[in-house]
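Structures are listed in the sections that come next.
Paired with chain B in one complex and with chain C in the other, chain A is shared by the two complexes that follow.
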Partner chain A sequence: MALELVKEKWSNAVSTLTIGAIKEEGGTRQKVVQCGGEESLPFLFSEGKIPHRPVIAMEILDTPPDDWPLTLTSALGSAIKNPVEWAIKCEKEFKADLLCLRLAGAHPDAQNKPVDHLVKVVIDVLKVTTIPLILVGCGEDKRDNEVLPRCSQAAKGEKILIGEVVQDNYKTLTASVLADGHSIIAQSPIDINIAKQLNILITDMSLPHERIAINPTVGALGYGLEYAYSIMERARLAALSGDKMLAMPFICFVGYEAWRAKEAKALVSEFPSWGAELDRGVTWEALTATAFLQSGANIMVMRHPKSAELVRNHIDELMRG
Partner chain B sequence: MALSGLDIYKLLPKTNCRECGFPTCLAFALSLAKKAVSLEKCPYVSKEAKQALDAQSQPPIRLALIGDEKNKSEIGNETVMFRHEEKFHHPAALGFIIEDSLLDTEIKERLLKIGKLHFERVGQHLKTDLIAIKQTKDTQRFIDVVTLISGLTSVGIVLMSQDTKALAGALKILAGKRPLVYAANSQTIADLSALAKENASPLAIKAESWDTLPELTKKANELGVLDLVIDVDTKNQQAKVIAEMTQLRRLALKKANRAVGYPLMCVMDKLASQAEVIRAGDYIAKYAGIILLNTFEEWAVLALLTLRQNIYTDPQKPLQIESKLYAIGNTTENSPALVTTNFSLTYYTVLGEVEASKVPTYILSVNTEGMSVLTAWAAEKFTPEKIAESLKKSGVEEKLKHRNLIIPGYVAVMSGDLEEKSGWKIVVGPKEAAGIPTFLKNLS
Partner chain C sequence: MEKYKIQFFPDNKVIEVEKGATILSAAISAGIHINSSCGGDGVCGRCKVIVKKGQVASLPTGRITLEERKQGYHLSCLSVAQSDVEVEIPKESRLDSRSISEDDSYMLRLKGIFSEPVDVDKGESVVSEEFFIHSPLATKLFLKLPKPNLDDKISDLERIYRVIRAFQDIPVLQTGIANIRRLGELLRTSDWEITVTLGKRNGTTEIVIVEPRDTSGRNYGFAFDIGTTTISGQLIDLNSKKILGTKAAFNKQASYGADVITRIIFAHEPDGLEKLHHVVIDEMNRMIQELTVEHAIDLNDVTCCVCAGNTTMIHLLLKVDPTYIRREPYVPTANFVPVIRAAEAGIKLNPRGLLGCVPGVSSYVGGDITAGVLACGMDKTEKLSLLIDIGTNGEIVLGNKDWLISAAASAGPCFEGSGVTCGMRASKGAIQKVKIDPATFDVQYETIMKVAASGICGSGYIDIITELLRAGIIDRSGKINGSLIHKRIRDGEYGKEFVIAFKEDVGTTGDIVINEMDIENLKRAKGAIYAASSMLVRHMDLSFDNLEQVFIAGGFGTSVDMANAIAIGLLPDLPSGKFFFVGNSSLIGAREIILSHDALFDADAIAKQLTYFELSVEPNYMDEYVAALFFPHTDLAKFPNVRF
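Let's turn to the complex of A and B:
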């Protein structure tokens, strides 16, 4: 008796988000990145189209990071002192699909850098790179509302993905994104209802749902990974079953979370039973990403070039179908 | 497929005799459907009804047991496709492949290293489960290696061999230890089933194709072997492996297909160890019951055990610790006191940092029903009232001369209210646990 396959039939697809614009479209990128668009659960190719592979954005900061472990900074070299060099390195050497520039220096508790300076960093990074850009603020609402609209304006035409907006602070940036032709990152605190609500609020301001990415707020391996994992599965099941307000691609800040984990950072001298620290850190970031690929991640923001390479190879393997 | 209350009702006598303790047969049937009562309560149930209901009470994916009572790995008996629907029940057993071509000294070294691969995380003890012995040499060498290994370890064993004589010899040595016999194909199904039955061992089935799989499991059943494990070919492309495991789980759960209602196993191909960890990560997420690894690097195993812990955590029951006052280090009446939640992840993260600071400290864990600081605060489980009450109950007031309480930076907003309700002076601590060592050192 042959086995008869149990195939799921879905009524809806994930929306397709396009990041970047080439010259003919009013930008200066050499290629654009498309993500989402899938009609099935992750990598189940026989049940629906999966038109775009998950992509890796490598994260760079406007200001040298002060709390990254040596295993991470030494892989990036002196480029971390200069966002422009760092950006070039990510594109040319590390083969990133996209860049993710985090304006950490904008935070009032950090350097509180002037807006003009931050805008210039964005322009300079765009100038020296040809891959699409993701831009995130410092996470302090007031400051982000001051900085991000100016950056949005300066990047007009480049169709960047910019964020993040949250439930009680979305209007300012959504208005800018709408005016400047970009897309937006909607962040919700591991909560499917808030994710949906925020998407409704944003689309009510007439930003099309194809211009939204959901940040479900992931946790690192060992640090609450399973919460976001299940929220993503639930949201994706709802999306494929027809809920358009949850059908946006997921962006996961894997590197940010994974490199805060003790297991990624601790020295081998502190925890000899945990093994070599470089392999451990790289694996921590890569395995965090792997888990989220299986729960539906579309954009992975990563930090270590070796983890990014491992995950890229794994995506290649998975996409062979 | 589970029977509904009405389906069961149709099988009952429908006399409403009440001898089962329920007012009507329907009420009894509804309770049976929820598995809240046993069928034995009905003295008049027919043989046919009993059979139908017995079949229904069998799990859709059979539980397999490897190892002896003391060191048993239980896998299978899973009930859902997605962990949020209920939970994943039996964590995938992780094991290591040891080839018999290694020298005895190498095998001993390897076992020693594997024996050290266990870790404490969030109050749980994480360890690997199996040693798989793979035959690459002659019959006698395999039996010798099995003898060597069984003398050195008590964990569950997987015997990877196609050599019936070697397997028979190995099974004799491992009598009572229920090793998994790996693996029967259509040529060897009769012989290996006989061996597995004789030794009460579980048997892995390695079908040549999707179509022969149900034939092989049925054949094994007919030959008296019920505890089976289905081997999934990991040499296939990764997406195919995932699709296959998804299909097998769906067939078992959604179609109640008993011929494939067994736990799945993945034997890893030899890869660079990081690539192996990543592939194995997919298998942990997507339904493997057993994963056999080649790599035994500490970082690789730590990462995989942690992922397994995450995926198999009960989503309805966050890991919690007892909410009480914990004294960390040699505390005195002048030691600082800080408060956090009883969510294990939060508590152990805070604990780790307090220990790292080497400053003796009291940690008061408030019962937030396993919620983290911000979630608990938003859900009103971590409020000034609750914290004040915990302070009173904990007995911390008798232990300390001072009345200064450090609260998480994320709930700084409750400082004033908490001072009023508790009478303690509130000190706002760092937002992230990582800031605790510096914070504590600067206090003193």
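Let's turn to the complex of A and C:
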């Protein structure tokens, strides 16, 4: 007798998030990116539709990063000195699905760059690229509340994904995003309850749930990856079982986490037995990403072109079923 | 023994300690708060201090980084002074909540503690008052003794016994030597007409007091509930079972620590136990004094008292070292305390009067819960019942006559009106019912005894949060909507605040407000209670829907709007007919016991039957708790009838 696989039947699907707008929709993108929408756990094609593949956003900074290891910066070249060039490179050369611009220079402890300058960076990046944009602030609530609403206004029509809001600071940005037609990243500290609470708070402000992405906060391989994985898995199981307030696509800042790991950036001279640093760093980022693909990640924000390529090929294979 | 001076900054307080005392214990003795969630075990790393001057010896710890060590950081619980030292308590060790200076939060916590005892509601029993046979802990009996003569020359004492036994068959009778010494003369000078007070002491009956003439019409007792935050006392006429008066006051032990754990640690300090013992008996004696004076009762006619309290409170009342309550395996010195003379514990009634303590279950489930179960009749009913005591320790009991299981959720004192900016006990002048107009934000409220408002009690807070949610003034995480412009909404010291009553209207020194920090505290308290109830019910493979009756106890108001208590997620979403508000169930239970010896037997049986479910070791509790930190709950499906 042939083996009959048990198929899970789910009552709900992940919501579909659309990033970017083409000309006809009021934007200037050549294509839009859709993510989410799956009716089953990751890559279980026989259990439900998986309409959109996971996508890779390449991360760029408005200010040259000063704490990125050489293995990373050398792969990006001189483009990291200029967000516009960097953006072009990510689109043309690295074939990114989206861009993720982080306004690190806005932080008061960094360069505390003026709002007008930061708004111009956003406009310039949008001008030279045709792929959809994710925009992330510096993480300092007060400063983000000052900078991001202005950027949101300036990008009106482009349907960008802006973040991040947290439970103690979500109102200002949610109001802007609502007014300007964008979507929002809701960040929670590896906590399924807070993730859900924040989504309820945001939707209570009448932002539709299709315009929210969950950043569950992840950890790199060796740095709590399993914990983040299980939280995502729980959230996704709840979503598929009918919980609309957890049914948003996940965005995972894989590059940010992986390249902080000592194993990713330590020099071979320090740890000769660990092997060449380039392979090590790239592998660390790629492995972290592939694990989260299995827990339901929809958008991977990555840094190294090589690991992005590895993960893209991996997604290709997984999507073949 | 060598002594060292330790000076604390920024408080600028100096305290002298014996060599070997930790910096943390010195700070506690000086009344300075340093965060410490592990209670001084060197585990939590929250009690960091900076040694500015002098020498300390510290045990090694991984909680101090190399960088911090260079800056002079030490864990105060693992460090002892080696000389006079100056210690700075950095901001992070002083704050329980962000953005408030520790001085403020300390004062805030103590606010209202140094208050006069005030009259409070007496509390009605759920079970019928006639349920237990009337047989008070101490009964007075007027005896006309036949004079001895040559035909009847049994001894004076046996003569008394003989007459008593003619009334009632009491096989074992005993009398203290002090009474026997006085007996010969007393009988003859009072012409053989005396009143004896019979006390029930641990299975025997004692002639506690012998008085001349007939005083049997005057027999009074006190029932006490000794809570971590509030002490309540009730004067009862033991003959008529009538409640003559009830008073409550904050437990002044709070100045040595807000919760039982810090008090247990403090008890270990030099004179610590003595101080904790004294503040509680002083408060009790003061209530006895005031109530007897108000009702023109002679202290000598107060023959007994019964106390219900959590295990730590009873230890401290009896001046028994509570140290082992918080040490693994968490064993108290005594759960079943024999009936003793009140004077032995320092309680001033009739000098030979008796003191009974309601038996406890374990270190963290005390006699207050036994008394609560008794008061609600949970041990007598077929119906599956839940008792939720919304007090500082948030005890919960589930079961019926066949089984009983309890859990404790550390809820904090805010529903008792402590630890919240304008909180007060449910007494005269407390705002207890509130309505807020969703369009104009006008506030309508009602105070207890309808006098000018002086603060807000627990039931008032429950209404306020519900109304703020309904009016859209706060979001479901409890944050005040900053974009609203209204004279009642403003920035305060502790986040945004909403004015319930302006000082001009009520004549208080400041406006009566609720701020975001208060809401956060209330949210945590209700979250802890809901999460614990839900865990306990689930632990028994039941759901809230299985419950047939839910008793709500606590000193947070004379009446609670159950629908609002559900709306904020304090109570499960069940039909209102299932809820019974019982008020101070611990005090009611203590009253049952002082009035009936049968009730004491039942309390013993309850204490033996009740099992304890330890939440702190449950891996899911934290998850359940965080899910409950939302109005009403993160899982809205649990509150299908709540709509804002």
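We adopt the following convention: the second predicted complex is superposed on the first by the 321 of 321 C-alpha atoms of A that agree within 3 Å, B and C clash if a C-alpha of one lies under 4 Å from a C-alpha of the other, contacts with A are read in each partner's own complex, and residues count from 1 in each chain.
We take it that a contact is a pair of C-beta atoms (placed from the backbone, for glycine too) under 8 Å apart; a residue touches a chain by one contact, two chains touch by 3 or more.
Values in this document were obtained by computation on a predicted structure and should not be read as measured data.
Chemist: Should chain B and chain C be called a clash or a fit once both complexes are overlaid on chain A?
Modeler: They clash.
Chemist: Check the residue A:310 against both partner chains and state whether it touches chain B (first), chain C (second), both, or neither.
Modeler: The first partner, chain B, only.
Chemist: Per the contact definition in the header, classify A:258: touching chain B only (first), chain C only (second), both, or neither.
Modeler: neither
Chemist: Which partner, chain B or chain C, is in contact with more residues of chain A?
Modeler: B
Chemist: Between chain B and chain C, whom does A:55 touch in the aligned arrangement: first, second, both, or neither?
Modeler: neither
Chemist: Considering only touches as defined above, state whether A:35 meets chain B (first), chain C (second), both or neither.
Modeler: neither
Chemist: So in the superposed three-chain picture, is A:225 touching just chain B, just chain C, both, or none of them (first/second/both/neither)?
Modeler: It touches chain B, and chain C stays clear.
Chemist: I'd like to know which partner A:204 touches here: chain B for first, chain C for second, both or neither.
Modeler: Touch partner of A:204: chain C, not chain B.
Chemist: Thinking of the overlay built on chain A, is A:98 touched by chain B (first), by chain C (second), by both, or by neither?
Modeler: The answer is neither, since A:98 touches no partner chain.
Chemist: In the superposed model, identify the part of chain B that clashes with chain C, out of 92-100, 128-136, 344-352 or 398-406.
Modeler: 398-406
Chemist: Which residues of chain C touch chain A once you look at their complex with the stated criterion?
Modeler: 475-477, 479, 481-483, 623, 626-627, 629-630, 634-636
Chemist: Help me check something: in the complex, which residues belonging to chain A touch chain B?
Modeler: Going through chain A, the ones touching chain B are 1-6, 43-46, 189, 221-226, 229-230, 233-234, 237, 260, 262-263, 273-276, 279-280, 282-284, 286-287, 290-291, 294-295, 310-311, 313-314, 317-321.
Chemist: Within their complex, state which residues of chain A touch chain C.
Modeler: Result: residues 167-168, 171, 175, 191-194, 196-197, 200-201, 204, 245 of chain A touch chain C.
Chemist: Spell out the residues on chain B that touch chain A in their complex, using ranges where they run on.
Modeler: The touching residues are 82-84, 116, 119, 121-122, 210-211, 213-215, 237-240, 242-243, 246-247, 250-251, 254-255, 257, 259-260, 273-275, 277-279, 281-282, 285-286, 297-300, 302-304, 306-307, 309-311, 313, 315, 345, 349, 352, 372, 374, 432, 434.
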